[in-house]
Amino acid sequence: MIELATSNLLSPMVLFFVLGLSASLARSDHSIPEAIAKGMSLYLMMAIGFKGGAGVAAHGVDRTLVLSIVAGLVLSASIPVVAFRLLTGATALSRVDAAAVAAHYGSISIVTFLAAMQALDTTGVRYESYMVAVAAAMETPAIIVGLWLARNGATQLGRGTFREVALNGSIVVLVGSFAIGWITGPEGLKSIAAFIVDPFKGVLCLFLLDMGVVAGRGLREGRRSLSSGLIAFGIYMPLIGACLGIAAARIVGLSQGGTALMMTLCASASYIAVPAALRLALPEAKPSIYLPLSLGVTFPFNITIGIPLYIYMASLFP
Amino acid sequence: MIELATSNLLSPMVLFFVLGLSASLARSDHSIPEAIAKGMSLYLMMAIGFKGGAGVAAHGVDRTLVLSIVAGLVLSASIPVVAFRLLTGATALSRVDAAAVAAHYGSISIVTFLAAMQALDTTGVRYESYMVAVAAAMETPAIIVGLWLARNGATQLGRGTFREVALNGSIVVLVGSFAIGWITGPEGLKSIAAFIVDPFKGVLCLFLLDMGVVAGRGLREGRRSLSSGLIAFGIYMPLIGACLGIAAARIVGLSQGGTALMMTLCASASYIAVPAALRLALPEAKPSIYLPLSLGVTFPFNITIGIPLYIYMASLFP
Amino acid sequence: MIELATSNLLSPMVLFFVLGLSASLARSDHSIPEAIAKGMSLYLMMAIGFKGGAGVAAHGVDRTLVLSIVAGLVLSASIPVVAFRLLTGATALSRVDAAAVAAHYGSISIVTFLAAMQALDTTGVRYESYMVAVAAAMETPAIIVGLWLARNGATQLGRGTFREVALNGSIVVLVGSFAIGWITGPEGLKSIAAFIVDPFKGVLCLFLLDMGVVAGRGLREGRRSLSSGLIAFGIYMPLIGACLGIAAARIVGLSQGGTALMMTLCASASYIAVPAALRLALPEAKPSIYLPLSLGVTFPFNITIGIPLYIYMASLFP
Amino acid sequence: MKTHPKKRIEIMVEAPLVARVLALLDEQNVSGYTVLPAIAGRGRSGSWHRDGLVGQAGAVVQIFCVVDDSRVDEVLEPLFKLVSRQIGIVCVSDVQVIRPDHF
Amino acid sequence: MKTHPKKRIEIMVEAPLVARVLALLDEQNVSGYTVLPAIAGRGRSGSWHRDGLVGQAGAVVQIFCVVDDSRVDEVLEPLFKLVSRQIGIVCVSDVQVIRPDHF
Amino acid sequence: MKTHPKKRIEIMVEAPLVARVLALLDEQNVSGYTVLPAIAGRGRSGSWHRDGLVGQAGAVVQIFCVVDDSRVDEVLEPLFKLVSRQIGIVCVSDVQVIRPDHF
């Protein structure tokens, strides 16, 4: 475990994240243009989706794939309920704010997922290539449940909002690339591997540098707006999510690597899709609570400590 | 032919284009920042120009090169006349609008050209590396002829406008990189191949995703502003262009691959250089006609159906 | 020498720079979005820092490393004094403007440094991988000395300004990546080599195309605002810097390649860090003097003629 | 030159809401509008900065729309209803235009 | 603080024309101008969006220029001639500045 | 709709100085501000263009801040002191807002 944690903490990926975080906390003027951040994010979505789809084309569809997606949907919908209970019990958040925060923890962070995949690759643990489809499936259900919790059981997600949420840019690229990878298979993957496979890890490092800067900004904002109870929630909630994830993974029958990824998905909190959806559907929830918590607390925790922990936990049940 | 069409339609390149197009038609908020689109376009121009120039350095200049460029200039200047006749005969466009549309079809779309080259590479058909110089040569003459048609035979392209048109950014990078590739030769190409050769196809896929989104936006606009006669023109005009292209290619003596590329150049319509030039030199022509037609109708037609058709037609005359 | 100069001038790198410069002087509308330029710059900083750090991890720290950094600090602080003397003697600049210009020549231009490294790579001359740390060390001292000269010996660099200068974005990425490269070593380098090593030269070419455009803009501005005495200074000052650099390199005991790099660092003038710092700390100095001089005169001189000259000079003292 | 008075409505609104604001302006049949980017800001609900961001949440965008005096209230009322619970501000100012028929 | 009245001329014009507008402002010897980006918009000639675009056609850019009252007509007349057939709008509004000699 | 008069302070200032201007606005307890990008311009100290640039020097950025009439002088005085030696301009204009308590 110690070894795993050290090797993760000393990987270029995590070090670049820490560099960005430290620069941001030291108030360096370092900044990555929005367009570059979006471009890298687009690249990562395309690459991860395509590789996942090509993997499925190579290994075929099996029962576990379907079960994993169902498990993901169920987890994404039920984790917010757990989070909501904890928040209304242990913090002074209003009902609406608690529901908003809860929705974030049911949904997922793709970058955390990518970092976990990369850590598995480095340690040589294999995982199911369709896990990226599970990730995509987990993005939205939490939002619907979160709104339902906020409205005291009365969902009010209009059709317009639903389309805005379901067709948000990154989901479209992720799922679309997955489909294209599936259709064109390993042949297709080979033809663009020099773009989406070889430089992938390097781009991820640069993106994590950027995410470090952004997370540092979130942390600085959070120091003002978050109570210590909330900050604690931002750290123990991922662990609870991970435990739910490991249980589901064992029921479904995922491999060791797949289990670690499922745990990571459950442990991670959204900071792109859910905030945007909530600003439309639940404007009375305060972004100054959910954004710093997800981005400034949970995200750094997962990248540095969470991921090696989940990999270690998954390895205990071979 | 069927096989060729299927393999083209199921290539990652075309599938990414279709993904972007569908996302845009489904009104997904997916979008690629302008800076990233420009960066990719710059990269593609640099890569294609450099490779072309290095190819010429390797194989030497021959008579066909000069003849092809002459043929390109003649086609770029004469296709607008054909298009203009058809438009004034078959549609209700004003003289000025007909001339503006005609200019677009005499000029070329570099991305369509790139997609055709990639399709040839995939099927293993070889082509002359200087075709990129032909493409560059075909960009401008159509504009001058278009203005001449609009003004009823009285060209009025001021010197200032001419420089703005001739020195537009993408032409400079394309021609400049061609020259640099020629000067530094295969040696130079090798030194930067890891940047401009290996990831090329992947970048093109991402760029076509973006172009799909943009074309979809054009199509949506076009549904409102284009008559069915014009939409039909956007599909039969490329075929007429391709026929003129095949004739010229046979006279000049191009290889099978070169013939397919020449056809593609003639069939494609500009949506960058010509619109910008016309806004300066012919502001009374309506962009709401020529932009959607070129971008929303002809461009998708060429990428999906046109290119395999032209390759097939070129293969009939070996 | 002639051979070296020709091979440098005919390298893709320099030719792309010349392309950008010519396009800009011909007032082509060619332009690279700011975000893309920043993204490339970020990439280059990350790559060069990481490679340098990994190099140090591989070869270990020795006495020369420490001595070289000390030499860099001393040169960065003393070159402005020389430049200031020359400027107040030979030009009509005010004290403040002379000090501002002097500060630029004590500091360094990373892109010039990268071009020199690339030229050495091409000719196969080896150099110390820690030279990038020397470059980082030389960025700031010149600014402090410049302010001291401007204020007639009374430094007035507030703490806030100092942090703004010392923590400016590119220094953070350069030094941070160096540290990460050092920590993760050749293993880390291998894991992201497909991103930071293979395409490096190609990205540098594209970046130099952009720098050519920017330098051309500087040159055009400079034609109006610079006296011929100042333009001459922009060409002989690098040579003086290079001579100081060669002396220091020989005392320290750098290799032939390291000597050429040290000369290049001394010869190059800042156009990013120093101008920004001076706008904060010395607003009365005119940017219309120091920017065109550094960017439009010295930078092109170094890229085209300076670098092969310094490499040649370094080779005379083996 | 003869100029004609009009009103310029300026809306700073969080990015996820832009599509709805534009749809509302379309519904109100305003003659046109323009969306401008912003890079950073601060308001009652904290500060924000676009640099490095991928998502839309936490960004604010500016929309302006020149309309005839007579139409200001018609546009402002539904607009205010739409954005009143959201992050952002709305200002109105006087401008002169050359071609009154354009608006 | 004492402030002095000036006029702010604001020009929304399609991107390919920007160079010409700036050249005209240079000719008119205005003391300065600034070009601002825009990301989307709608007018009589349809709607546009910068995202994903490579070319200049179909984009609109904003130029503003603060001038002395006395110079407004001098600047507006040739400007209007230049842009009247093009896509875009021109507005004028009142501003106060601190350093009147600057303009 | 009932609107309330406020002042819009607009500051064009060179990019390296933005952090200081914002810090000053924070100190003055203004209710908010927004930073807008600019892409090119010309003034007494020459012309500039963002394209292709990496560094901050030579760029100008726009900051605007809507404040109550009563606060204009309080804000302008230190602001003017800060930017008077720098490249840039400051303008003030009238605007109407809907929610006066917001500012």
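Letters are used for the chains, namely A, B, C, D, E and F, taken in the order the chains are written, and counting of residues starts over at 1 for each.
As a convention for this text, a contact is a pair of C-beta atoms (placed from the backbone, for glycine too) under 8 Å apart; a residue touches a chain by one contact, two chains touch by 3 or more.
As the structure is a computational prediction, the values presented were derived from the model and not from experiment.
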Each chain counted as touching subunit B and subunit D at once
A, E
Count the smallest number of chain-to-chain hops linking subunit B with subunit E, moving only between touching chains.
1
Determine, using the mean of C-alpha atoms as each chain's centre, which chain is farthest from subunit E.
A
On a C-alpha centroid basis, what's the spacing between subunit A and subunit B, in Å?
40
For subunit A, jot down the residues that touch at least 2 other chains.
29, 31-36, 38-39, 164, 198-199
Residues within subunit D bordering two or more other chains:
19, 36-37, 93-94
Each pair of chains that touches is included here, namely A-B, A-C, A-D, B-C, B-E, C-F, D-E, D-F, E-F
Mind pulling up the subunit E residues that touch subunit F in the complex?
1, 3, 6, 8, 22, 25-26, 31-37, 61, 66, 93-99, 102
So in the complex, which bits of subunit F are touching subunit C?
14, 16-17, 19-20, 45-47, 49-58, 85-87
In their shared complex, at which residues does subunit B touch subunit C?
33-36, 38-39, 42-43, 46, 50, 163-164, 167-169, 172-173, 176-177, 179-180, 183-184, 188, 191-192, 194-196, 198-199
Sites on subunit F touched by subunit E in the complex
10, 12, 36-44, 60, 62, 72-73, 76-77, 80, 89-94
Subunit C residues touching subunit B - in the complex, by the definition given at the top:
10-12, 15-16, 19, 23, 26-36, 39, 122, 198-203, 205-206, 209
